[in-house]
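Have a look at this one before I ask anything.
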Amino acid sequence: MSNANDKTKQERYEYGMEVLSRIDGEVGQRVVESLADISPELGHQVAAWAFGDMYARPELAPRDRQLVTLGILTGLGGCEPQLEVHINASLNVGLTPTEITEALLHSAVYCGIPKALNATLVAKKVFAERGLLPVPATNR
Amino acid sequence: MSNANDKTKQERYEYGMEVLSRIDGEVGQRVVESLADISPELGHQVAAWAFGDMYARPELAPRDRQLVTLGILTGLGGCEPQLEVHINASLNVGLTPTEITEALLHSAVYCGIPKALNATLVAKKVFAERGLLPVPATNR
Amino acid sequence: MSNANDKTKQERYEYGMEVLSRIDGEVGQRVVESLADISPELGHQVAAWAFGDMYARPELAPRDRQLVTLGILTGLGGCEPQLEVHINASLNVGLTPTEITEALLHSAVYCGIPKALNATLVAKKVFAERGLLPVPATNR
Amino acid sequence: MSNANDKTKQERYEYGMEVLSRIDGEVGQRVVESLADISPELGHQVAAWAFGDMYARPELAPRDRQLVTLGILTGLGGCEPQLEVHINASLNVGLTPTEITEALLHSAVYCGIPKALNATLVAKKVFAERGLLPVPATNR
Amino acid sequence: MSNANDKTKQERYEYGMEVLSRIDGEVGQRVVESLADISPELGHQVAAWAFGDMYARPELAPRDRQLVTLGILTGLGGCEPQLEVHINASLNVGLTPTEITEALLHSAVYCGIPKALNATLVAKKVFAERGLLPVPATNR
Amino acid sequence: MSNANDKTKQERYEYGMEVLSRIDGEVGQRVVESLADISPELGHQVAAWAFGDMYARPELAPRDRQLVTLGILTGLGGCEPQLEVHINASLNVGLTPTEITEALLHSAVYCGIPKALNATLVAKKVFAERGLLPVPATNR
């Protein structure tokens, strides 16, 4: 195992925040900040573990990780705040609005129409904020 | 298999919207409309597949379908917007307020008190809007 | 509130077991028996509370309760042993094999194809044991 | 089985409300009151069954019951209103803010970061209302 | 909307089975066959709707759809039989064993270690059957 | 932040395995070993992160962590293999059989009877293996 992993706790946090900021942008940073007075250790784990140790691994591209994440969050339900962060992240790493709405449409097969609807309406909110509506219709 | 299913995509949509409107009323139509600029294909599937192909099948009466649907949505959790549509739909197809609250009470046994509470408070909102409160008490 | 509810703990258990036996038959009794050496109080609650206090309420017919229960258990997932008991119970209270499979088909819309498949294969096992296969095809 | 359980329905309700009020305080009472016009029987079950029959059992201390409950509600997701009641209850029965946030941090391992975040932000709301922020940092 | 969608029910089924066979291979066909005597209509919907109408849409590549599907099925839990089909499908459409195990590792962040473990052990079974173990270690 | 966290990846793994072995015993070690040929990194995360970084934190006692974990795993459903490990762990860190079954009984209130039953039958299996049946009845 390489020295790249031999970091202090502080270094792991800083590296994780760097990855998190690149992927999630400001909305992700605000999540960590919101934890400062209630559970700074959870903020540390989001940065150092979720992004620094896990997300940054080169075995899967960020775009692919976002497809998996959209699937999980849509399937779990009740994770609308995290879906909002991750639909932003999905755009940031190169998924197109059409690919995102198609991934959520696809999810209807596997976790049902209600959860697909909830996730799609989160995407509508994010796309509206970023001036990406209407999503170009496909003619089928 | 009968010719009744040999429809164009447009015909399937129109038939589905007809069924959806009959069951869900205006609140259901608004769901489909809200998808027009983000995922019209999801709107199509809600109408053509969920209502036209599935709900309209005669093997189970609408009233029975609503009981199943109330069970699923209550058990899944996090589907309050869909519960709102389907509590309206349940009233539209002939379930009484007492039967609906009893179905949600019953669900406490199988998915726990918290989800039963969440669903019951959605019913309270719908019943209030439709002037159906208080639900007549049963004396037991 | 009526005197019908003014029972001792033992009376509540006995009444619940009577209801449970009528609805679930032997498979339900075996669930309670299997708890005798690990959690007799859970067995008591299944009988006295779930069946005696809740299921026996006249506000919803057993057939309707089973439709709600099939919806919940299918939607939750991971409750195949309970689905087996409740598909038996559904037949016992008068739902036909066609209505049961239709209810599970219907659930695909609301909780996705995988959970509908899992529940349908439990129904296949129960129907096979009771000599109810094949379920009469509908010609649509 | 002792005579302590041989109560009328009304006595069971009153005893349950007494336990509920001691554990949950006013927020719990408001849940039962909110059910009066929609499902008084669900209110009865919350008091008489959930608190009177189950929570009051001496086999597990209230503090321990709250740890289990925090785990369940965090894992289920979509139960933020109940988490709010039960984070208040957790403080009422003696869990410290540090123990509560640590329990929710711990939950990230078993049900993932998103649900741990949702629950932690509910704790932040409750702690803010009760003047318990910031939670004292641990130096690790 | 194009004529490509103007098919009879039988044509929709045949087209869906063609797509399903290409993606899922024999294990997928066996799922549809297993439904013949219990719920042929569910088999029809798996083929005609899930694969013919939804999966075959060109807006998202099969490889991307599988990443979403792995995420959903891992997050839902209790869908091990469907995960087995879809880990096979994932290999069929070009995901490598390393990408699949990395997607499941990634899921631990979003739905917790237990569900990631369950899904990874399904992958182990599928990879063993296809002679793909051990998955090449990455040196980090 | 203290130097105690400034470890190499290998040191983090070894420390985590030490904690895991103390809590989970051999059944936990077998989980990590079972991942060696499919996802050694997931095995690393179970040891180094879940046990070394998270479980070992002194802010919550192992006994308390197990109560939270029993709640989460019971509530999620479909995690019977992990419940088996964690019911063993619960005994290892000092919870009594009565406290464990009471925690699972308690869970029926919050996530329903079916999941409480599934978890209780896992406890029955573990207790049988460890010669702990019957659980002493309480006289209420």
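Should a chain be cited, it is by its letter among A, B, C, D, E and F, assigned in written order, with residues numbered from 1 in that chain.
Following the convention adopted for this analysis, a contact is a pair of C-beta atoms (placed from the backbone, for glycine too) under 8 Å apart; a residue touches a chain by one contact, two chains touch by 3 or more.
Bear in mind the structure is a predicted one, so any value in this text is a computation, not a measurement.
Any chain touching subunit A that also touches subunit D appears here: B, C, E, F.
Separation of subunit B from subunit F in touch steps, taking the shortest path, is 1. The rotation relating subunit E to subunit F, fitted on Cα atoms, amounts to 120°, rounded to the nearest 5.
Note on chain placement: the centre of subunit A and the centre of subunit F lie 29 Å apart, centres being C-alpha means. Once the centre of each chain is set as its mean CA position, subunit C and subunit F turn out to be 31 Å apart.
If you average the Cα atoms of subunit B and of subunit C, the two centres end up 22 Å apart. Among the residues of subunit A, those touching two or more other chains are numbered 1, 5, 9, 41, 45, 49-50, 54, 57, 72-73, 76-78, 82, 105, 108-114, 138, 140.
Under the stated contact rule, the graph of chain-to-chain touches is complete, every pair of chains being in contact. Residues of subunit B that touch subunit E in their complex: 1, 3, 5-10, 41, 45, 49, 53-54, 57. Only residues 9, 31, 34-42, 45-46, 50, 72-73, 76-79, 81-82 of subunit F touch subunit E when the two sit together in their complex.
Those residues of subunit D lying in contact with subunit E across their complex are 108-114.
By the touch criterion stated above, subunit A contacts subunit B in their complex at residues 77-78, 101, 104-105, 108, 112-118, 120-121, 123-124, 127, 133-135, 137-138, 140. For subunit D in complex with subunit F, the residues that touch the partner chain are 1-2, 4-5, 49-50, 54-55, 57, 59-60, 64-65, 67-76, 82, 98-99, 102-103, 105-111, 138-140.
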